[in-house]
Every structure is written in structure tokens, then in C-alpha cells.
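What follows is a group of structures, each given as C-alpha cells.
Note that subunit A is present in both complexes that follow, paired respectively with subunit B and with subunit C.
And then the complex of A and B:
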């Protein structure tokens, strides 16, 4: 075991590392920008624009520029100026909405099905081959099929989230349910608790920590996948926004998007971690 | 045995290639406390599980109150070896869960009240809001006892309920169980390794030979008068004769009697002995 370090020391070191990173970045970007002063044919520059003529390279944005842009974006995150120009808050809300719906549907399917698999060795053995083959498939591989059958890009993205969230929840629920102590089940049997009562008051709470672990893995994967899915389907969402900014060559926006995706993912994980703490039990 | 409350009729437990026990017959009368003593592997726990309805015998049946056991019943409460409390429920919720199974229509407040009362009976009112992880081993087992007694079973089944406890706690709980069972005139069936525990609590002690093919070799009638106290038990006349008899069985005869029964053995008429009645001078070597 490591010895406990005071919180402020770790925080101080974190801040120092951040300052070092941003400072180094800023310095490198500034000096890099100053170097690009090769002789340019003025006619060519007039033709393609000064920036492109300097080597076709958009300079890497400096942290100070990114900070200014972040402030600009966060000051009005929910504006709507046409379909292709909406605030970053709206984009994240779209993504969260898709993840939320897909994840909720996956939970609705995976938890009851996991219950059945966990309780029935026959069903577990029968479904195992399907699960083992489908589970390692990248959820994005389902996208063409989803687009073809559903014919709606937004619902297809939800479907992809559903597919990628379903496996960890299904497997963990089955594992947790199968692992419920025999003695607790025997207690329920000797008390003549019905099937439903046993499921809700004994098996579910006993397996809840394991189920929550599955949900936590699922939401993490879902949040990873939504960015890629939205890059494919387009229209709205933080993934689309990233792609759009790439097409606009606004690298500052992409860095901001990475930052915000990370923060939202952290919050989602913390949310489920909090729920997991609430249902945890100790022997 | 004709009018016994519980009548065990020729039950057996066989696995492919092995017979744990076979042709077991005995009865438990209403209000009687019966203990089973025997070495590990003689199928004691299986007998208890069959009585509880958690397992089905390979042959034979158990008649309770004139009806063959089909499965578990609220009328036969089990106190498990490991307390078997649900760790996500408080002590009160554990007892309340059992009560909610017995009294399906009861409102929450009434369940709480009854659960509290059951915990008061085992001296745990101050621990009602605690989770099992916050309780000591003895307190957990007390909650288990409260849970079993709260549903007012017709019969109490105990599978080495105190074996996981330290000697001091065990003694206190033995006295407590003796008191609670006497108060409720509870019919009880208990498995134990502890000879003194059997002598303290039981009216009759079933002695089983070693497995495989274990059988019920003797029934020892405990004629020591009640109430018995742990502190004074060893000074009761006849105690030593009784204890020696059971110990001798466990040390030697459980082994020598194992295997094929002697000629003319009738599993329905197992010899009943009253070693505590014998004059002390004769019993002592």
C-alpha cells in the first residue's frame, strides 16, 4: 500500500504539471509560428490566400487562443443559428440524449435478460455462443445495417449505443445473479418468499454492485462510441461538431471538444460511481 | 413415534456410486428438542435440509403434521450455520423481511414494530439500525435467531448454529436459545458437534455412525431434569455418565458400528438408552 499523501500536495503537483504543459505548448506554438517566413511568390499568395501559401499548414493553436475560444463558446453554449451553427452545449446535449436513450434501452434489455441467464444454466450455455461472437464486434460495424433497416441516422446512432452498452451490462448482471450466495436463496426459500419477491429483495440487491460495475463500463464505452457514431451520421452532436470543426480547420475547437468530452465522460462515470456506492454492501 | 409431529420415514441420500445414509427412521414430538450428533460426512446437514424442504431425499419421506414435506415452509424455520443475514439490510430489515413473508398483508409500520419486538427478545434493540457488517459474530447469529423465531414457526431447525462463535459467546447464546425454546415450547431439531451443547438443550440425542452408509445407531434420552443451566450442568447427577456415553460413541463406536448393520438390525427400532439414569457408580469406570 502507498502511504496517503495530503490532498493539497497532489493538487499542487497537478497544477504545476498543467502549467508546465500549457507553458511549453504556448512557447512551442509561438516560436513555431515565427519560423514560417520563407519567400513566397506574391502572385501565388494572391491566388490561394496568404495562409495557404505559407506552406498550407494551419498553425497549431496556442493555449491562450484556445482559452479565449473556450470562453467564447461557453459564454453562449445554447445558441442556434441554423442547422450547422449551434452552440456547443446543444451539441453535447444531443450526444448525451442519444447516449441516455441507448443506454437506458440497453439496461432495460440487459438486466432482465442477464437475470434469466444468471438463474438458468441452460439459457446461459445456449446464449453464450451468440454473446461471445457478437460482443467483440465494434459497435460501428452495425452502423450500415442500422442505417439500412432503421433509415434514420439519429436513431441509428442510438442503436449503436444500445449495442455497445448491452454486453457489459448483460454479462455482469448474469455473473452477479449467478453468484448470489446459496444461503441467501435458501433463506428466501425457507421463508416461502415468492419468485418476484426473491428476485427484487434478495437477488437484485445482492447482485447490484456487480450490475453497477457493468453499467459503469457500459456508459464509458457508450460515451467513447457516440463521438465516432456522430462523425458518421452527422447532423448534430459533439462528434459531428468535432468533424465539422476539422472540416473548418479550427483546431482550437477540436482541442476544446476533446476537453469537454473528457469532462462529460468523467461526470457520467462519477454519477454511476455514486449510484454504485449507494447500492454497495459489505459483509 | 406413531403420533410424532415430525416423522422421518426411511429417508436416504444416494449419489451415483456412494450412499451417504440410508433407511433413516426417527420422530420428533411436539415441543421436543432433538439433537443430532455425529462426525462430518455422516449426512447430518442433508437430514436437516430434507427436514427444511431445501433438498429432497433419494428415497423415503418426511411427514410433518400428517403431511409429506413437499418443499420449504414457513412452519419450519432454519437457523443457518453462517448467520445467512442479507448484508444490505439492517438487522431490523432482515427480521422484517422474514415477517413480510409470513404476514403478507401487514403494513410497513406494523412489520417494523414486530421486527423490533423480535430483536428485543434476543436483546438487540440497540442494534436494530445496524447492518450485519457492523455487528459481532454473536450479534449476527442473534439476529438470525430473532428472524427464525419472529415468524413463529412450528419447528425450529438449527444447523450447528454456534459453531462459528467463540466459546464465551457460544455459551451465552446456548442459554438464550434454551430460554427462548422453553418459553415458546418450541419443537426443535439441531445439529451439533458439541456434546455439552446437546446435553444442555436436547431431550433426545440421535447418534449417527460415520459415513458413508451412515445410520442412526442409538437414541440417547436425556433424562437430566429441566431447567438446565450451563453453569451447573456438570454437577447434575447423571451428567457424567451421559457425557461419557456420547463421547465414547463419538470416539470409538461411531467408527466400529459404521458400515453394515448387525444381524437383526431394525432401522425403525433404534435402541433407546438412558445413560443418565444409571447409578453413577456403575457408569464411572
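And then the complex of A and C:
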């Protein structure tokens, strides 16, 4: 059993680790960048990057450069300067929109279907082989098929989100529904509650924490997958933005994107965690 | 520039009503795909029975047959009547996909520099992630037209590398030359291709000039491109990162990524493809074949915008301005100096020298049928195309040389007399009259 540690001590250690990491990075980048400068034609030097002019390779960006770039991006996150040049806030909003639609559709399909599977052992046995084969497939493997049949890249991205978030919700719902205590169902029957009433008033509240756990897993996966899907189909979204900055070999922007993707993923997880806390029950 | 702005105001003599400042949408001479459509319609009317028509065509040939019909039917008038359709484009709001490379210069610059708007079109140019994505989005008609590699419409039309053959067309060539072989810095002493056994190369796509040129170049130096080296398809933006990570030894890729490797100190430019085949095509402005018939005025307006932009980009005095216009984040998203070095041809080669090659990249819209024929021989040579085809007939179907020529004539550019010419590739003559003989004479084939 762990003993409680004061909050401030953990926070201090976190900060110290961060400072050590960033400081080490900055130091390594600064010392690694300078290669023994050979005398070089100034006209040639003007045509290549600073590091290439000294016979080296462009180094990793330093944390200070990344910080400056982050400030520049966050100062104006919602600008639109043409189809291919929009602010980072807008890109994240596009990604969240796709995840939201795909996730909502998946919940609409998975939760009722999970209920049926959980309540009917026959259906559970019949559908099990399909679920077991399709579940481990990487959602991105569906992408070419989706593009080919749907013939629309943004709907294809939503479809990929749908297909990746449907399985954890489906399985967890079925598991939660199947695991409702027999006594409670018997009590409901004694009280002459109808099937629908039993499902809504007894099974749903009892299975809600398990269903929410499935939803929480799903949204995490969906947020992981949207970045990869948008790198493939392009157009808009944070994944496309990463691809685009990679195109420009701008590593500072990619580090920033990693940071923002992490923060947004954390917020999504917290949101569902908060909902899960609201429906939790204890015996 | 002066001539280009003046040309659209010149009297065009098409007699169709259109606003001043816009050239007429369809030309009066009735050649090209328009004319072909009339010919076919008349032929069908005269010989409604399919087998008879085909037998007659086989026996006498299309030209003789049309000449005979022309004796009793005013073919010229019919062609002109169709060609003189009203000038207003059927569809003004168009989406055009592009890959962020300098090959797409005319397609991209026509947007910020107003060439599309001048011809009454409201075009959105959309940066796209890779060649397979461009192909899928174009086939799904999310794009009205697209920037493609010149071999792609040939492959799509023949049903190679796609599920079903779909008639696609090269309306204009985007650029000539402008590619290079870039090698990792550690190979700076290995300049002879004979030392390249075991190298891992990247090309942008299987159906690309890059793939065919690299294979031809290697084969000419006795290196078997399938057995002695590895050739992978890698999207251009990922080439520099892979070169840096030592995943590949080099690539034959599009600019700005050759120059970008130099800029970042990762690689050096071994040879420009222009040294190998001066004037080779690379990328194309591709449209679905049916667009020529279903939206003739939009097609004509688009052609004029593209041809004008191509001519503007080709002038050395405009290159700096063009580089500034397309390097921005909305288009190529590259440091301006990299794009400028590519377009002006004054560039650092990665080995400490500044080279001056003004024709490092060129812009010439004319889609020579002989270029298509060479591409087809290479598709056959390396086993992508597993059956024999009539090279000339496929080239004429896919490369719309007559339509491009008409648009060029309208904006005052010289138009070649013939649609085929002799090319010299790696010191070997390609005679368009004998593509099969050329193919048989090549070393190595699958």
C-alpha cells in the first residue's frame, strides 16, 4: 500500500524532471550544431541552410525555438489564409469534429447492439466470430476500401473513426449487460417490470460504468487514429497539419503538434472520466 | 507579360458573344477532341450498324472514310458549329488537386497570379498528400482536374494499377526537366553508377517519369534496377527525411526536395535529369476524358488559363516572382530560397559549388504524342503493361495534343507542326515511327 505524498512534492519533482529534460536537450542541440567551420564560398553559403554552410546537417530545433514558435502559433490560432493555410485551432477543431461524428455514430450502433448481445446468449455466440475477426484489424487498413467505396475522403476518415471506436464500446456494453446480477433481474421480474422497463431502469444503470469504460477506451483510440487518417487523406485537421509541416521538414512544428495532440487527448479522456464518475455506483 | 495580357483582348473572330477580356471559349477550326466527337457522330449516322462501320474503318482507315463522307457532307461546317459553342463556362467553381512540388508551378501560380480568374473561373487549388490520394480523389470526382505524373493518365486509361480502366487525359504537360538524382553525403565519392550495387533508391510513384528514367539510367550503366538495387515508392516530402535517417541511399525525385536535401546538408545533387533526356516531360495537367465533351467551354477556359500560366512561368525574367508566389505556406510551404534556386537554376549542388543551369526546369505545355509512346514502351519494358498495345493510338487518346495546340495558338504561342518528334534519351534515339524496334533494342527488360 502506497502512502500519500504531498501534492507539492510530486509537482516539484515533475518540474525538475521537465527542466532537466529541456535543459539537456537545449545543451545537446547547441553543442551538436557547431561543426568545425571550413572556409566556404559566401555565394554558396547564402544558398544553403546555416548548418549546411558549415558542412553539417540542420540540427534538431532547440526548446527555446520551439517555445517561440508555439507562442507564434497560439497567438492567432483561428486565421484562414486560403484553402491550404489555416490556423492550428481550426485544424484541431476539424479533427475534433471528425472524431465527434465518428464516435457518436459508433455509440449509436454499439450500445444498442451490445445490449442485444449481452441479453441474448444465442446472438452473442452467433456474432462472436465476426467480432473476433474484425476487432484486431488496424482501422487504417479499412482506409483504401473506404475511399474506394465511399468515394469521399472526409466521410472515409469519419468511417475509419467509426470502425475503430465501435469495438471497445460493443464488447464492454455486452460484457456489462451480461454481468448484471441475476438477483436484480429476478427482483425486477417479481415487481412485474416489462422488458423495456427492466432494460432502462435496471440493466442500463447497472452496466453504465462498464459501458463508460468502453467509451473511454474508444475515444482514446479514435483520437490516436484520426491523426494517422488525416495524414493519409489530407485536406484539413491536425494530422494533415503534421504531414504538412513534415513536408517543410519543420521539426519545431511537429514537436508542438505532438504536445497539442497529447493535451487534447488528455482533455477528452478527462471529460469521459468525469461522466463515468457521475454514473458510478457502489454497493 | 505584355503579350500575355494583350492576347485575350485580341479579336478572336469566333463570332460567339463573350465578355471583353475573355478569349473565346471554343476555337473555330474544329480540330482536336471536339472535331473527333463530330467525326464519330457523323460516322455513326452514316453507318448506324456497328460491325459494318468497324469493317469500313478497318478497310479504308478513318481519314479516307471521313474524306469520302466529306465529299457529300459539310464536315468542316459541322465541326465548326460544334466548336462555336457559347463562351460561358458550364461550371465556374472548380477544384484542382496538386502535390506541393515545383512541377505544379503553373497549376499553383495561376491561382495567386489570377490566370484562372481572368478566364472566368473560380478555382480552388488543394494541396494533397500523395500520388495515390490524388488518383483516388480525382477518380472519385472530388477534383475536377488534377496535377498528375504524366504516366498516370496512361495507366488509368489502360486499367493498369487501378480496378477498372477509366478514360483519362493529359490536357497539358506541366513541366519539362526539373528532376534530379540526389545521393546521401556519404556517397560523394561514388559518382559512377557502376558502384551503386546494393543501393536503396526512392522514386515518387510506380507510374512516374522518375521511375522510368532511373531504371533506364541504371540499365544503361549495367545495373539491373530490379536485382542489383532496390527501388521504392516514397512520397516526395518523405524523401529527405528518409535520406537523413539513412533508410535510402538516394532518390530520383522532384524538386524542391533535391534542393531541400542540399539546403539541409543531407545530400548532394548527383545529376540533373536534363543531362539524361533534355526536355523530358514530368508532370501533367490531367482531366477526365469526358470533360472535353460534357463541359467544353470550362475545359477550353481552363486550358487557356493553364497554357498562359505555363508560358508565363517559362520566361526566365518571371522566375523570381513566380518563386515568391508559390513558396508561401498556402502552396509549397518551403523556404523561398530553395524554390528560387530550383526555378532560376542558380543553385548550390551540395558539393560546395554554385552551378548555373538556367534550363534546370522548363515549362512547355505541349503534350507530344511521342512522349506518351516512350512512356508506354517503358511500362511494357518493366512489366507494368503485360500486353502489347498500339502505342500511337493510346498516345493519341490520352495526350490531347490538338486541344493543347489550339489553346497555345490562341494565346500566341508557337505550335509544333507534328505531334511526334524524335527524342534522345541517354544517348539513344527514340524514333516514334518504330517504338517496338526501340523497345527491342534496349538492354534489360522484363
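Simple rule for what comes next: the second predicted complex is superposed on the first by the 262 of 283 C-alpha atoms of A that agree within 3 Å, B and C clash if a C-alpha of one lies under 4 Å from a C-alpha of the other, contacts with A are read in each partner's own complex, and residues count from 1 in each chain.
FYI, a residue touches a chain if its C-beta (ideal position, glycine included) is under 8 Å from a C-beta of that chain, and two chains touch if they have at least 3 such contacts.
Source: prediction; values computed, not measured.
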| item | value |
| --- | --- |
| Subunit B versus subunit C as contact partner of A:84, first or second or both or neither | second |
| Per-residue contact with subunit A, leading partner among subunit C and subunit B | C |
| Contacts of A:202 with subunit B and subunit C, given as first, second, both or neither | first |
| Partner chain(s) touched by A:270 [first = subunit B, second = subunit C, both, neither] | neither |
| Which superposed partner A:192 touches (first subunit B, second subunit C, both, neither) | first |
| Touched partner set for A:30, first subunit B, second subunit C, both or neither | neither |
| Residues of subunit A contacting subunit B in one complex and subunit C in the other | none |
| Residues of subunit A defined as touching subunit B within the complex | 181, 183-184, 186-187, 189-193, 197, 201-202, 205-206, 208, 279, 281-283 |
| Subunit B to subunit A touching residues, read off their complex | 52-54, 71-74, 76-78, 80, 82, 84, 86-89, 97-98, 101-102, 131-133, 151 |
| For the subunit A and subunit C complex, residues of the former touching the latter | 40-41, 43-44, 46-49, 51-52, 55-58, 81-85, 147-148, 151-153, 231-235, 240, 243-249 |
| Subunit C residues within the subunit A interface of the complex | 100, 124-129, 133, 136-137, 140-142, 163, 237-238, 240-241, 244, 260, 262-266, 328-331, 333-334, 337, 341, 346-348, 350, 352-354 |
